[in-house]
């Protein structure tokens, strides 16, 4: 199956680095602004995959870890109902060496139908080229009051399954029970927790990750909580302990 | 003809399971959230067909009952005039093994023309691949005050016939006489009553089904009234009695 | 020329039956709701052509009279600026046996440019397949105050000529002189009067038809004034007398 | 070069006849409403080219003078920001025998980008088929207060040059000096003055033409000031004197 | 690499001349309105490249300096959220002899997603034809309060990198430190400072250029500050001194 290359013991940690387009370099420091640093970190930290936009992949990807090529994206400068269209062809993602394409869907946006349609086409193209299709599913737009509400997150997960995603990336609901329902709703689509903004403390963040795993998640896609950390490699080791080796929070923190 | 594979004694009961995208997992319980349970139910209940979105079909469809692949869809998170665009290619539906494609048209929506155009193209592609084209026709949008008003339902039925649907799925008008006019309006397009939300009682629901059949309907597409039932298989048997064996309401309830 | 097949003595009466999509079955009675009845009427009444949408043509057309396939259409449920997009491919119309395609343009609509563009493409495709292209030209939208005003009808006629229609279907202006100007404006494009809603009396309707012919029209496309008539075949005979044999109103009424 | 066929002594007078679509038959009289009359006039008046929409060209063009096929157009019934999309393919224009395609761009319209894009594609197609591409450039829309202001006309001329037009058709600014700047701005793109509505007197109109020529224009595209004239052929002779033979206003009026 | 042809000692000065479309001829004087003058200036001034729209390139480009063909553009007449669509095909740019295509993206515009998508496709086409893809990245629209704010310029630079530009053209932030962060954000994409409107004095302008270089820029794309200068060739020599020979401001001014 398409996601196998990203799995260790059926678990996975993806290093996400598409924030440069989504949020701007404000997320970066002098070190993390350099995609070369991230590429090295992905290898040294033994991540199961790295997530790049086309421009980053073309100039920095070295093939040391499997690549998820994010094929749509937007800046956060635009106001109004969110829309991110395809900016990298599936064929080009394949040439660059990607093993999966990533695509963000904003359910609830007035432009939802355009993204669902585009994902539908991209998923089919990706599968024909033996690449997995991963859906970032983020309910958003004026109609969405709380995008981590349990029923909203479960709906996001289900949307990904229904439209054919091999894996969905969704936000954590805040507790294990409600997230378990989201994981159930995703069916055979693997669930990746979205790392989100840097958590107040490492422990807070790791507790969320542990919760997601306990709820049945396959793993997480994480960026800022790793490369904004003072010791990204250590954070990578802690995460591997927690996610891949399935240790308790306490064991993991002992790293 | 394309619909034959879905017929027993010229009648048909389709098990609909596209609610995960259309309404979210809120429609499901611990059992029905699992598409595998539905696939098994379709077989055990001897349904004439099962309705899945692409993602469900790719991961769970086992070929035991004929497949209707729903090729468009939307979430219910979006406000405003409804639009659902194509999210599965007809070619892909064919590869998965579908014998029909399903497509929702919202007449009355400000985006009606986009869906009519898309259905027109999809119908032709489906027929070239020997698949039937079934239209879910749901008048909706600010212009529609009452979507079960007899003249609105008849208009929906007729719209399906005019644009080339082999079968139309429409809501029940509430009484046999007015639904008979809708069936007449559909001409040679077969009419499937939409199961709709779980009825207050089984008897209420079955009375509607009997009414639709008496009005000339071919059958129904039903989801929630089966898999939200405490005994889905028993409900399946009752429905077969009523629809396929054309029994009276009383006989059917005796199951 | 493409329109020849629809002509007798250079005159023509087309039986229009696309009202099921445009207005809904409210236009029909128990008899006329059945497209089979209309197909038989077209043959028995010796009409020069019959106008169907794809769905009707695929299921009921028997080849006894030449077919105009209407390739766009809309419901009347939608409010706002009118738009009807292509819902049948020209290739498919050809396969079904159509000798002409029909397409409605709404000049004055905010979406006018989309329909002009689409008609332009369809006209070229139709001609390549030796089919005529007939434009229903109905000025409509907020900008149009009176769609039977002489200058508006003449503009509609001219629009059809300019964009390459072989024939235009336009509304009657109310008097011979102003309609003569519309016919002049259509140049070599043949002019068909639109039958419109059922007239208060047969005589009223026939007087309009006679007026249109005196103004130079080739004939009319008529639906409701025939099949809502108590004796459709008699009406057909009267119309043939008036239109094809070019009789006076009095002679025609003597049928 | 593509425009050569339209030139005499490096000057040109095009007979424009696309007003039937742009303004409706209100521009015509009993004589000029007939495209056949215009075709004959183009020949008898020795015009350097005639401008038709596809429908007129297909039914009336006789090959006696070079043809400019106008490939987009709109009615004047629509309110709001102007947009005219392509309604004749470049391939079809070529088959009909056109030596140039004409396309109207409305800079300043909210839909400007669609027309610039479309012209870009059409220009390339036309050149591949050895046809010239002539841009009608009319700044219009809410943003344009005065479409004959010198800086607006010069901007229109420049826009045509930048996007690859072989010739631009622009309005006269009112005086030679400011129009000279517009001609300079058009660079190697030839400048045609737009004839515009019937001038108060012949002398007024001819003075404008002389001014445009003195400013460096190649000639003009004229319709109403010729065929609304009481003696169109005489007007044609006067114009040839003025434009092709480069006579003074006085000499030309002596015809 | 695609940008090499535009580099001297890894630095570059491009002569920009797309203002005729973007701003109108108001930017020009009697001399600079002539593209031939600019083409000669590019050669005489030993610029590393010249930036033209298709129309200018087709009629004036002589191959003496490498060509960047600007493939989208808009007028400044349109109000509202900015959008510039493709008006020259990549294939055509290649035939004309371009070594790079230029494309303007307006991040923050309500139409951002259309431009990101279009650039994505164009970049891939350009690379397949061995041309570089240069992104003009100008945050604009109602959401952008200050388009030279350091975080906005850095975001612009990063956007170019993420979407695959070989080089980005961005505005100067006003000081070396903040521009250095923008250059860092652009990663391996080369940074060209946008020349912008004519500076109050030559010294002011050159100080900005020196600042951009000190911050790590590859060079600049300059138009008005050269050809609106009283001595454009002298300005060209000063810029070469500053940019290519990497002299101090004082040394450069000594030319």
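Note that the chains take the letters A, B, C, D and E in the order they are written out, and that residue 1 is the start of every chain.
FYI, a residue touches a chain if its C-beta (ideal position, glycine included) is under 8 Å from a C-beta of that chain, and two chains touch if they have at least 3 such contacts.
Note that the coordinates shown come from a computational prediction; the quantities given were computed from them, not determined experimentally.
Distance from the subunit C centre to the subunit D centre is 35 Å, each centre being the mean of its Cα atoms.
Centres computed as Cα averages put subunit C at a distance of 57 Å from subunit E. Within subunit B, not a single residue touches two or more of the remaining chains. With chains as nodes and touching pairs as edges, the resulting graph is a single ring in which every chain has exactly two contacts. Each chain touches its two ring neighbours, and walking from subunit D in the direction of subunit E yields D, E, A, B, C. Interface residues of subunit E facing subunit A in the complex, by the touch rule stated above, are 107-110, 112-114, 116-117, 119-121, 123-124, 139, 141-144, 151-152, 154-155, 157-165, 181, 184-185, 187-189.
Residues of subunit C touching subunit B in their complex: 18, 20-21, 24-26, 28, 30, 33-35, 53-56, 58-60, 73-75, 77-80, 83-89, 92.
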